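Next, two complexes with subunit A in common: one pairs it with subunit B, the other with subunit C.
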Partner chain A sequence: MSAFLSYLIHGIAQGSGYALVASGIIIVYRVTRVVNLAQGMFAVVAGFGTASLLEAGLPHALAEPMAIVMAAAVGVCTGYVAIGRRGTNPQASLIATLGVGVFAYAVEVLTWGDQPRSFSGLAGSHELFGVDIPRQYLLIAPITLLVFAGLELFFERTYAGKCMTACASNPYAAALQGIGVLRMGLYAFGLGGALGGIAGVLLTPLQPISYDSDVSLFVNGFAAAILAGLKRPVLALAGGLVLGVAESMVAGYSKASYQSSLALLLTLAILIAQATRREALHVVEE
Partner chain B sequence: MIHVDDLSVRYAAATALDGVSLRVARGEKVALIGANGAGKSTLLNALSGMIPKAGGTIRLGGQLAHVPEGRQLFPDLSVDDNLRLGAFRARDRNPAWIYELFPEVGRLRQQRAGSLSGGQQQMVAIGRGLMARPDVIAIDEMSLGLAPLIVQQLAQRLSELNAERGLTLLLVEQSARVALSLCDRAYVLETGRIVAQGSAAELTDSPFVVAAYLGAPVEETS
Partner chain C sequence: MRQGSRSAAIAAFAVAGFAAALLLDESALSVYVLLALTASVTVGVSLLMGHAGQVSLGHGAFYACGAYAAGLLATHGCPTWVGLLAAPLAAAAVAALVGVPLLLLRGHHLAFATLALHLMFLSLISELTITGGDVGLRGIPRLNVAGVELTSTRSYAYVSFGALFLIVVVARNILASRPGRALRALSSSEVAAASSGVAVGYYKLAVFALSAGFAGLAGGVYAFYMGYLAPGSFPVMLSIEYIVMAAVGGLGKVSGALAGSAVVFLLVHGLSRVATLSGMPSTAPIILSYAVYAVLLVSAVLFLPRGLVAWPAALWARARSRSSSAADATDAATQPAALSSAAAPAETVAPKHGSFS
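For the complex of A and B:
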């Protein structure tokens, strides 16, 4: 029981991180039709950034928010490279985001070195049903919930959120109303950067981050995103949690090395299932 | 209100519009008639700046709202949201006056736009265009796929807006009958060129237009 509980809590924390990365992937995809392969990089930048800012003597109340803003700025820059040129098709933009991700490796290694880094999060632990749970774990889920509630409010209640939804739904009609579709795309990348940044800031104290941590974050985030059908960010929360908990259970009860294959297997299964369903649709249409 | 001189538009190698000139004065009701692929939608897209022009000049004397072919609403957003988004560039985003204009739409304000009937969607599309408080509204294929009674209703509303608020109308139609009954003047577009123009009465009597566009009372097939 106590082992199960600790796997569960670990899984929820990890899954919350995946969900944040996934929601960034979904928001960027919906508004721009681009799968942003650099999404995991935003978390790495924020993780490293926080570590540096804390070392420089800044308090947590400043370091983490500043790192998230930095990740958002990196997001906008990534967006500018990917979609800044009018008429770039989404496939070309996807390759551009891959390029940005690789370029970021070089910048990260030169700035922060090639060794994993971490910083201490919330100190102390709580005892829950006889298990000692570090407080940082208990911090992640509530913050993630708050972020998702904020996202839901933004898209459902604000004019800017509706404008973004309009661009996702019909870019031509959005442009006819005078909505700057390119600008909305850049905002989406910025929001994606901030969400990735929040994930990095929350997860780094649990697991030291290195320049290539973006791969596993992207793979898991993408799996959670397509589990949510690349539609609503809120569904990605469910996707991320399911994946995080499943991985934690696999790692706990069998081999830890199986954990990382789970996301890939899941992605593959979903993609194959969707591909066959589309095929079926085409046959019916004809 | 609209001055178009010698306008050309090209898609890759193909010429979509070739030396088109057109005038619409403030408060006028003008139709643009032509078959599928004649370049009507291209002309509207050039007017609203959605596609670049290859040559010629376009001068607009005021705010233009372009209601595109196929309504192009945001299907997952509510009617209310669709209307508010139409006011992106305007200060006043309250759609109450659109609900007065189309009471039927007012009753559906919280519904998903994608769930409405074709006629209701066209009302929302026109309403969304009006939300920008335009001086001229250009409507692409308003009557396509709609029952004659609904088209009559829409035409009635537009005539009132024209008479009471001086809204300039540019109607782009395959259906010459609808266009000529609502408008004062019309241009006929064929494969990217203006081939005829005149008052609605003149064109209704012109043998050329009768033969090509009014001939037999054919049912809309598309």
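For the complex of A and C:
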């Protein structure tokens, strides 16, 4: 029972991180029709950035937010490369984000070296139902919930949020209303960068990250996004949690190396099922 | 005339390749072998991306599949030529099998699916005991052809160039024949191709399997050349490198794949040689190679969507249209799909200037 509980809490923490990455993927995809292959990189940048800032002597209250802002700025730059040039179609943008991700490898190794890094998050642990649980794990889920609530408010209540929704729904009509579609796309990339950054800041204390951690973060984030149907960011929270807990259970009760394959197989099955259904209804899609 | 110049180009390519294998010195030959193998895979990737409009982030896995097929057969007592023959067949068979469900997907979904394939293949070979797990497969015998054991690097240069030449000839012939026309048709519009009687699903699967077979053959040669295989030799980055080379050279053209892989591979190799000079930090080689791949990929996608081989033609056309009227635009519509005209229709909305927020 106590093993189950610790797997569960571990899975929720991990899944919250996936959900944050996934929501970034979804927002960028909805607004720009581009799947951002560099989404995992934002988390890595923020994780490394926080570690450096903390080493430089900054307090936690400053280091983490600064790293997240940095990730958002990197997001805007990524967006500029991917969609900034007029007439870049989604496939070309997809490959451009891949290029940005690889370029980030070079910058990350140059700045932070090729060894995994970490920093200590909240110290100490709580005892819950007879299980010792590090505080950092307990911190992640509430923060994630707050972030998602904020996202919901942003899209429902703010002008920029509504403009983004308009671009996602119909870019042409949005442009006719005077909304800068490109600008909204860049905002979406910036928001995606910040969300990835939050994931990186929260997850790095649990597990050291290295410059190529972005592949597994992207894969799991995309899997969660697919579970959410690539539609609303809030659904990604459910998708991420389901995925995180399932992986944690598989890793706990069978073998750790199976957990990523499980996520991949699950996602492939869903994608293929969706594709066959879509095929029957209307062939010309994407 | 057209046919004649094509044959002449092929013959010149063969002469140049074999001459290089004959004349280069030992240290250059090891680069040559790897270049020929990389180019072999890139031809297939380019074919798939340019003519079937599909992005594959998993061709490193097919390369690995061919390598492990050859290595496993050879270490279990099969003659080495059987292993080499089995390598492309195994990779193509795997591709044909997984391609049936996978090719229902398009665009970024397929890109993700092939990436997933690569990751799952890696975790499979590092789990199985028969492949040696993480430690790898050791003691693969040298290639043995008609009783002669090939040990020198030069002999592998011949073998790898032979494989590349075979692949180039097959790819060119396919492109110039009916299946090639069908592929060009489906790359611009699957619906239009299907309504003109092209069996879209069949051709996509066939070109997927064929390009995997190319990768498998190269992998088989690699296994015998290295004599040792480990999951670490086939990172995800490998699959990305092929895409970079195909995109830089120009998608869908055999000459583009060859030019792209030669330029990118030699550039990265040259820079990594500079980076290993004394006084450079130990991480310099990987930093430089990542940076080169990234910059080349992004600039090829954004500024040179038809690739290096179309560059002179584009410059020429621009100069001509500047001097004469602008009427004779390049025959963009008749080109095989480049990135800018590939399967997905572009969002045509031009961003307007102002914005409120």
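The definition used in the following text is that the second predicted complex is superposed on the first by the 281 of 286 C-alpha atoms of A that agree within 3 Å, B and C clash if a C-alpha of one lies under 4 Å from a C-alpha of the other, contacts with A are read in each partner's own complex, and residues count from 1 in each chain.
Here is the rule we go by: contacts are C-beta pairs under 8 Å (C-beta built on N, C-alpha and C of every residue); 3 or more make two chains touch, one makes a residue touch a chain.
Remember, it's a predicted structure, so these values are computed and weren't measured experimentally.
By the touch criterion defined above, A:3 reaches neither subunit B nor subunit C. By the touch criterion defined above, A:159 lies against subunit B and subunit C together after alignment on the C-alpha atoms of chain A.
Of the two partner chains placed around the shared chain by superposition, subunit C is the only one that A:96 touches, whereas subunit B remains out of contact.
Shared-chain residue A:178: touches subunit B and subunit C both. More residues of subunit A are in touch with C than with the other of subunit B and subunit C.
In the overlay built on the shared chain, the residue A:169 is in contact with subunit B alone; subunit C does not reach it. By the document's definition of touching, of the two partners only subunit C reaches A:87; subunit B does not. Contact with neither subunit B nor subunit C is seen for A:62 once the two complexes are overlaid on the shared chain.
In the superposed model, A:146 lies in contact with neither subunit B nor subunit C. Common to the subunit B and subunit C contact sets on subunit A are residues 159, 163, 172, 175, 178-179.
Contacts from subunit B toward subunit A in the complex involve residues 48, 50, 66, 68, 72-77, 81, 84-86, 88-89, 93, 128, 132. Partner subunit B is touched in their complex by these residues of subunit A: 159, 162-163, 165-166, 169-170, 172-179.
Contacts from subunit C toward subunit A in the complex involve residues 53, 55, 57, 101-102, 104-109, 111-113, 115-116, 119-120, 123-124, 126-127, 190-191, 236-237, 240, 243-244, 247, 283, 286-288, 290-291, 293-295, 297-298, 301-302, 305, 339-340, 342-357. Note for the complex: subunit A touches subunit C at residues 33-35, 37, 81, 85-92, 94-96, 98-106, 109-110, 113-114, 159-160, 163, 171-172, 175, 178-184, 187, 215, 219, 222, 257-258, 260-261, 264-265, 267-268, 271-272, 275-276, 279, 283-284, 286.
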